[in-house]
């Protein structure tokens, strides 16, 4: 039940994030959308690793079934990767802001060409 | 265009949501306790991240390092902002920094070193250590502190940690190294790498900071 | 396999060492190249090597012909890049070594998530290298690349989740051997995986980051990206298609990519952008081959394309530096003899003139395709020749300039691969085959003369449109797999 | 149950953050959303992921965003000097509209720049996207096509009579459209005033605010006034290409200023 709720949340976050990415014009807003969407993708994996009434997959942490450790491990990796790409893209946004004095995507497209 | 965009994302989200309904209820988990202890861990996630999939983690650390190289390289031609620190300097904050610095250091190292036993690990520990140090450094004036810190030492710590991790990953993958020592060592190396990395990113961003 | 892994680790170590000691980076990079060559010679004879890893949670790594081919190509590229960039300052060579190391690592991977991490690493390094010279146009191209591939990779990650949730494993090797049921969730998941890989792999409609990124990068990097890195996404697609029923999707994408890229290339005036659009079109050939199950044909074409496209990009970079313009019509008569020669050799190879590698690869690919595939190939060949006819005025040499550096490993590779192909496929030595190849080129030239004055308005692919195209494409593949 | 509550919280925070107009609120909102997401991870028995999300997704990411926020580009305002809405005082720019524009620029993370131009130039500049906003007593009738803000300051047309004779008006003004038969248009207000002083003109048709300006500057002798019943008001106009980016932020700002009483204060201070 919790897992299913969380997968629905993950889908909603994907929609929200990607929709924001597509409908905003400012680069930082687009990146915020991307941020939310990647959070959704991560949550999606964790939610699929969950089992009803599960406990953390650590030895000695109580009885009962444990959650699947593999998706959790993947998500750890994915979170770091998303942070890395975000930091790099923000640096590029700073660079463009300093040189082109705008963060508006249509303006940048007009100046730099497709 | 905008309406079409929302429609497309909604359809996609709906499709994904529909696809998950076929996955519930989830099948039982294959046994994991034995494999975890085989890697010398109690935390199964640590056994996966630092043991079975150390190769992935190694590539991930490389991704992280490359982002840092990019931050340094791309900000290089831009002018730096001198002047007022983002956080107001005050004697109280400085005293607080003196008290909190060692505490954060100990906490970070503990979190990393015990990552194979419970929740923790090098990455979050490095992030906490790096950003905590920076927050406190802001109180003292970050430019001054950055000048005092020996840059060669930082980069040696960063790339040396990376190189050691590559050796560790290669050894684990080809020679079958395993055991608790491997996990602790890997976590500490990641801690060194990520905390210096987080420091470097934040310091560079702060040096070129915008209006906040 | 351990040898291969040691070779990869050698590249990573050389890269990390190069970042630590910037002065030593070129020697470390050269050392990595030697190590890679040694590793290739060590693992190639024991073919196919025993897979390593796997087990519970582990990563399966295995070598096959595809990996072997890409290893050879990567090492050749390394030689070319070292020749071109030996004197470059900053962390350039260290980053390039890491990029090449990732290109060695990815073809070995048989694990869905490991492929994801490798793809992300190639992406990140490409972003850095595209924007390396800190020019606003290149930084914008890089940022566009970054955002679009991140969208693709988010879809891929969701796909990983769905496939893992359904099948309980990430290992493609395990799935290929095992028995499992194809169902709706899996179809959506595989569709998203394919969309993510297609975004990275330069497929038309998915990858409109490609022309600006490949067109604005420093020329060695353009060569690397077009010749090698973009095919990492393609390898991912091939790995997926080996397990899941994706051949129809690949063929469809192949035709769309081949034709779409060609249409943009036909009317493009900017030399590097023109080559970049052509990369898209050529990726269509490979997709067609892989989709039709012709692994050898597709691989051969991928390798040959790597060689001639890299040669063209290196020559184009020098032409633009010498001519002071990016426009094809303004460069005529300003290039040195060596640059003209390199451009001419690359053009001859890409349009499939014998006895170069392009001709041999087209022959091998065509031989393994069914009838409709041969006709598609023919049409694409005519279009390629028509679009490359624009470059003929550039072949007239102007004032003398610098001699060849990075070109020679590529040119030698082109000739050697051509010779190897011809000697292995005897039917290619017949005069009929040679006549056909010349006929296609002549037909293409005729088309060029007819189309020269005609300029259709082609839609521009802004960031938002390109992004929407990825989502719609992912949706289309998923729905297609669901209802197929 | 905890999962459900935390999920709703995370979704709500993401919705809140991504619907904001101010980037700063967006960043803070996404940070809070990350924290809620960490809670969801904890409730899904993934403490490692929760820790990583809190340390990286919440901590580092928010930090980096905050440090990267900066003034992106300029907000170019095309305006005709109109006392007391927008005018120059030596080197400085001042006025009621200026106070609002300064707040808007801060909210949009842009630097403010004023382009002083004659009134009839304004629609062209906006259409060509050489300016983002029009201000300085902009009346809606000056262009039918430009997107407009809400009415800012109410005004009316007045007829100023000095002697019998034809009426004049400044070209581009609403008044110019309302000129009766035989009226004359003038390129700018200085030309109109000169014509009035020379005696070739019987009077002028202007809006109340301009009349007040003339009066204060002592440009007019004793005059006879008659007001038209038509209600008019000054607006800001926005360049069509920027409608989506600027107009909502402007409306939101005006809303807030109205609610807090800041707008009323401004009106009282500048218009008495």
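Which chain is which? They are A, B, C and D, in the order written, and residues in each are numbered from 1.
Keep in mind that, in the parts below, a residue touches a chain if its C-beta (ideal position, glycine included) is under 8 Å from a C-beta of that chain, and two chains touch if they have at least 3 such contacts.
Note that the structure is a prediction, hence the values are computed from the model and not measured.
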Report task. From the Cα centroids, identify the chain that ends up most central relative to all protein Cα atoms. Result -> A
Report task. Could you see whether A-B or B-D has the larger number of C-beta contact pairs? Result -> A-B
Query raised in the report: Between chain A and chain B, what's the gap in Å when you average each chain's C-alpha atoms?
Result: 16
**Report entry** Whole-Å gap separating chain B and chain D, where each centre is the average of the chain's CA atoms
**Finding:** 44
**Report entry** chain A-chain D separation of Cα centroids, rounded to whole Å
**Finding:** 36
Query raised in the report: Using CA atom averages as chain centres, what separation in Å is found between chain C and chain D?
Result: 51
Requested in this report: Can you tell me which residues of chain A touch two or more of the remaining chains?
Outcome: 3, 8, 12, 14, 18, 22, 42, 44, 48, 50, 56-58, 66, 69-70, 72-73, 76-77, 80-81, 83-85, 87-88, 90-95, 100, 106
**Report entry** For chain B, residues contacting two or more additional chains
**Finding:** 5, 8-9, 12, 16, 20, 23, 26, 32, 43, 45, 47-48, 53, 56, 60, 63, 66-67, 70, 74, 118-119, 121, 123, 201, 205, 208, 210
Requested in this report: Could you list the positions in chain C whose residues touch two or more of the other chains?
Outcome: 57, 113, 117, 120, 124, 127-128, 131, 134, 139, 158, 162, 165, 464, 468, 471
Query raised in the report: Within the complex, which stretch of chain D touches chain A?
Result: 3-4, 7, 10-11, 14-15, 17-18, 23, 26-27, 30, 33-34, 37, 40-41, 43-49, 52-53, 56-57, 60-61, 64-65, 68-74, 109, 241, 244-245
Report task. Sort out for me which residues of chain A touch chain D in the complex. Result -> 2-3, 5-6, 8-9, 12-13, 16-17, 20, 25-26, 28-29, 32-33, 35-36, 39, 42-43, 46-47, 49-50, 54-58, 66-67, 72, 75-76, 79-80, 83, 86-87, 90-91, 93-94, 97, 100-104, 106-107
**Report entry** Sites on chain C touched by chain B in the complex
**Finding:** 2, 5-6, 9, 12-13, 16-17, 19-20, 52-53, 55-59, 61, 90-91, 95, 98, 102, 105, 113-114, 117-118, 120-121, 124-125, 127-128, 131-132, 134, 139, 158, 162, 165-166, 168, 183-185, 188-189, 192, 464-465, 468, 471-472, 474-475, 478-479
Requested in this report: Spell out the part of chain B that touches chain C in their complex, as residue ranges.
Outcome: 1, 4-5, 8-9, 11-12, 15-16, 18-20, 22-23, 26-27, 30, 32, 35, 47-48, 52-53, 55-56, 58-60, 62-63, 65-67, 69-70, 73-74, 76-77, 155-156, 159-160, 162-163, 166-167, 169-170, 173-174
**Report entry** chain B partner contacts - residues on chain D that touch it in the complex
**Finding:** 24, 46-52, 54-56, 59-60, 63-64, 66-71, 109
